[in-house]
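Here come two complexes built around subunit A, the first alongside subunit B, the second alongside subunit C.
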Partner chain A sequence: MYECYKRKLLRINLTDRTSKEEPISEKMIQRWVGGMGFGVKLLTHEVPPTTDAFSPDNKIYICVGPLTGTIAPLFAQTCIITKSPLTTGVINTYAGGQLATAIKSAGYDVIVFEGKADELVYVTLTPGGIKFINCPELKGKPVREAEEYVKTASGCEDMHTVGIGLAGENLIRYAAAISETRAFGRGGAGAVFGSKNLKVFGVAGIRDIKVSDPEGFEGAVERTIAAFKEDLSHPWSLLGGFGRIGTGSGVALINDKHVFATRYHKYTSFEHAHEIDGEAFMQKYETHPIGCQSCLVHCGMIRKPAETKWGTIWTRGPEYETMYSIGSLCFNGDSDMLYYANDQAEKYGMDTLSLGVNVAFAMECVDRGILSKDALGEGYILEFGNPDATVRLIDMIAAREGIGDLLAEGVKRASEKLGRGTQDFALQVKGMEFAAWMPERMRGVATTFATANRGACHKRAPIGMELMEFVPMDSTEGRAELVAHIQNVVNATFTLVSCRFAEFVLKPAQFADLLNNASGMNFTAEQFEQMGEAIWNMERMYNLAAGIDATQDSLPEICFKVPLDFPEGYKPLTHSDFDILIKDYYEYRGWDANGTPTPEQLEKLGLKV
Partner chain B sequence: MAKRLVIDLGKCTECRTCELKCSFVHFQVYNSKKAGIQILSQWPEQPAARLCIQCKEPDCLPACPSDAMEFTPERAVKVLYDVCIGCASCVDACQYNGVWIDPLNNVAIKCDTCEGNYRCVADCIVGALRIEE
Partner chain C sequence: MRLVVRFSGLFRSLSGMKEVTLDLREECTLRDALQELKKNVQPEFVTQILIPLLEENNTGPLRLLVKNHRHMHSVAEIDVPLKEGDTVSFLPPMEGG
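Let's turn to the complex of A and B:
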């Protein structure tokens, strides 16, 4: 049993520069499986809910799962759990690439960073042991440069890394931790690295990764691959589009469907969408698609060095979400700027979603006469659609310079400071800036943004169902069940640790099939999904104790205004609709009218009251 | 001479499925270090690969001081893992970087062609691998 686990956790204390191994119990594996399950269970028990995210008492849990490092496709992600400086609740954030396999082949299921180093350090974990190395020379360095430095200095060519740039060091609340161009984007994990003076963590391992039933597992993998191949064989396959031109492949459809938030939600479609979509990037920049470990989708688009107005650079991406946040939301139709801004975000280590919303928020504040168009100084005009202003403001945020210092706190805190009605249009829930998609248009998205434990996040929204209109996107009917179901299932898949795209194709029974053959356990599809629900409730209880109450299951007032090009035949979101969505959702979840899980519900899920 | 494995690096997506397939076929574990093919990322350029080119007159086999290498019926050089002492003489002898050492078990690793079937080829989703007669 449990051959696919290393059954070990490594605790790394940055304060006294020590480390110790701890066993992971059978009970822990059976109950919480791995990845997000392990991380949330550990954090909610070890970090008191009122802990400041930047306190040395906060911890960073870097978790892999039972399918990590195996040949099963789409399980290459690493999960980071920490207390978010943006939402103040528990955050789970993911990045693909090769890091997860490196952690597991180093012999661990979980790496925990605790305490705070007295100066900037990088930490390496190799077959030779663990090292803590002061690195004042890396202060302010771009992530890619710092990663290369650590790999070279360690003499370890197969090391994989996660690190931060200037934004993490400067405690930008939405700083990302970056692993070889892939971002643990949402929720400010990079800033928590920064608060601990942790610049880079590098890991290299040589150990075998095993499964309990090799023959059975091969069969499960074959069935999984067949399911993906079947999906990919269709011209309509979303994953097929991702593999050909990246996640930006859907922009044209999204724009046509009028759900592409444009110019700060003033419009639902963008006249320049075709200039910044996946197709446009493929045509303009020489591209080499890459996949994560064992992935058959290969959505990562590595671009060869290209000349832009701001210099010659190469980048990976941008992703769809960046095309929205720094593109349409800011009314930017300049692909060179987006290309460059994507590189800035990687270099500084910032979540492009929150970053774009903050830039757009500043532009909206100028439009409404709350900020001066000269707020950037040096002759830049802060206005929608100005690429130079966008690039300049990103630099200012990373450096916390001028108005950048205010926006480095995120739109929730910035609007609280600015006042003058800005809170009504600050695009955030629980401090987390809006992902793409429009609550004004889609009721499932409205419900998800309002209720997600991460804040205004799209990761567990029934987007496909609504976008393809398998259910009417403007109806409240059945939405609670749809949203809760996908929240539960996706949480469960993140224990494995699955790429978010796997759920587009695989059903809970197929995830359980892989898990059971790898581990020797016996999860049914129902048990698997219920485990996801238990994690959801565990997060919820922690967030409630952290002070994130039901009043924050809300949307900013701007979501109840009607965009100028709102398509005919659809109903815009109203307050009464929204009240129904939340009421239905609480009821479906077994929560009381205050959004608190009832003792009966907690007992049903096997959680302590 | 054994049939050769050829890789089209322009197609390769660096997913390393070939590596894991190889280690699983030979050792029933997933471990890139135990794979007879190695994919190396070098962004923003396309990847590089290390693999045995199945020399007609291989330098690795005669360099082995412990008789831990032998020809398969297809005339590929195969490592006898129980005999190999991990001295890396074969690694030094190979001018094509086609053999390396598994640091966990300290044995030489190289492609033995899976009896000419190259099990990795069928699993390459983008068709970057092919067998050349």
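Let's turn to the complex of A and C:
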């Protein structure tokens, strides 16, 4: 049993520069499986809910899963769990690449960073041991440069890394941790790295990854590969589109369906969408698709170096969500700027979603006479559709310079400070800035943004169901069940640290099939999904204790205004519709009218009251 | 009547065009229009998209077909007569999170 696990956790204390191994119990494995399950269980029991996210008492849990490093396709991601400086609740965030396999090869299922180093350090974990190395020379360095420095200095060719840039060091609340161009984007994990003076973590090991039933596992993997190949064989395959063009392949549809938030939700479609979509990038910049280990999709679009007016750079992406946040939301139709801004975000280590919303928020404040158009200094006009202003403001945010210091706190805190009605249009829930998609148009998105434990996050939303109109996007009917189901299932798949795209093809039974053959456990599809539900409730209880109550299951007032080009034949979101969505959701979840899980519900899920 | 059909993503390279304007008789259906479309696009688009949709009643290609900014979910819906001003596009599918 459990051969696919290393059954060990490594605690790395940055304050006293020590480390300690601990066993992971059978009970823990059976109950929480791995990845997000391990991380949420550990954080909610070890970090008191009222802990300041930037306190040394906060911890960073870097988790891998039972399928990490195996031949199963689309399980190469790494999960980071910490207390978010943006939402103050628990955050789970993911990135692809090679880091997860390196961690497992080093012999661990979880790496925990605790305490705070007295100065900027990088930490390496190799077969030769663990090292804490002061690195004042890396202060302010771009992530990519810092990662390369650590690999070279360590002399370890197989090392994989995760690190931060200037934004993490400057405690930008939406700073990302970056692993070799892949971003742990949402929720400010990079800022927590920064608060601990942790610049880079590098890890290498000797690969020795087993499964409990090799023959059975091979069969399960073959079935999984067959399912992906069948999907990819069709020209109408979603993942096929991602592999050819990247996630930006969907912009044309989203724009056509009037759900492409434009000029700060004033419009639902963007006349310049075709200039910044995936196809435009493929035509304009030489591109090479890359994939994570064992991946069949290869959605990562590495672009060759290109000239822009701001300099010659290369980047990976941008992803669809960035085409929205720094593109349409800011009314930017300049692909060169988007290309450059995407690189800025990686270099500084910032979540492009929150970043774009903050830039757009500043532009909206100028439109409404709350901020000055001269706020960026001489030679710049802060206004929608101005690429130079966008590039300049991103630099200012990363450096916490001028107005950038205000926006580095995120739109929730910025609007609380600015007042003057800005909270009504600050695009955030629980402090987390909006992902793409429009609650005004899609009721499932409205429900998800309002209720998600991460805040206004798209990661567990029934977007395809609504966008492709398998259900009417403007109906409240059945939305609670739809949303709760996907929240539960995706949480469960994140215990395996699955790529989010896997669930677009595989059913819960197929995930359980892989898990069971790898681990020797015997999960049914229902048990697997219920584990996801238990994690959802565990996060909810923690967030409630952190002070994130039901009043924050809400949307800003701007979501109840009707965009100027709202399409005919659809109903915009109303307050009464929204009240129904939340009431239905609480009832379906087995929560009381205050959004608190009832004792009966907790007991049913096997959680302590 | 005239109908503009637009293509995006893979369907642009499969069809060999960004858009095409079809001259159609009044009251014709979308099925008639797609039959007419066969004469205009590259053979790959006919074999990979139009034949599965029109002759094999495969609902997969319906995921790509957007009429007046809406998806259809039954092949029978392509038998509804078109109206002047209708828009039809072949667009790659999308999911969110």
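One rule holds for everything that comes next: the second predicted complex is superposed on the first by the 608 of 609 C-alpha atoms of A that agree within 3 Å, B and C clash if a C-alpha of one lies under 4 Å from a C-alpha of the other, contacts with A are read in each partner's own complex, and residues count from 1 in each chain.
In this section, contacts are C-beta pairs under 8 Å (C-beta built on N, C-alpha and C of every residue); 3 or more make two chains touch, one makes a residue touch a chain.
Every value quoted in this text rests on a predicted model; they were computed, and no experiment measured them.
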{"item": "Subunit A as common anchor, with subunit B and subunit C clashing or fitting", "value": "fit"}
{"item": "First, second, both or neither for A:P142, with subunit B first and subunit C second", "value": "neither"}
{"item": "Partner chain in contact with A:P387 - subunit B first, subunit C second, else both or neither", "value": "neither"}
{"item": "Touched partner set for A:A435, first subunit B, second subunit C, both or neither", "value": "second"}
{"item": "Contacts of A:E469 with subunit B and subunit C, given as first, second, both or neither", "value": "second"}
{"item": "Which superposed partner A:G65 touches (first subunit B, second subunit C, both, neither)", "value": "neither"}
{"item": "Touched partner set for A:G532, first subunit B, second subunit C, both or neither", "value": "neither"}
{"item": "Touching partner for A:D208 - first (subunit B), second (subunit C), both, neither", "value": "first"}
{"item": "Overlay on shared chain A, then closest C-alpha pair between subunit B and subunit C (Å)", "value": "17"}
{"item": "Contact residues common to both interfaces of subunit A (with subunit B and with subunit C)", "value": "none"}
{"item": "Complex contact set, residues of subunit A against subunit B", "value": "69-71, 73, 98, 101, 105, 127, 181, 206-211, 214, 218, 288-296, 298, 302-305, 314, 316"}
{"item": "Residues on subunit B engaged by subunit A in the complex (per definition of touch)", "value": "10, 13-17, 20-21, 24, 27-34, 41, 43-46, 102-104, 123, 125-126"}
{"item": "Footprint of subunit C on subunit A - complex, ascending", "value": "234-238, 240-241, 244-245, 249-250, 252-254, 256-258, 278-279, 320, 435-437, 445, 457-461, 463-464, 467-470, 490, 500, 504, 567"}
{"item": "Contact footprint of subunit A on subunit C as seen in their complex", "value": "8-12, 14, 48-49, 60-61, 63-64, 66, 69-71, 73, 89, 91-97"}
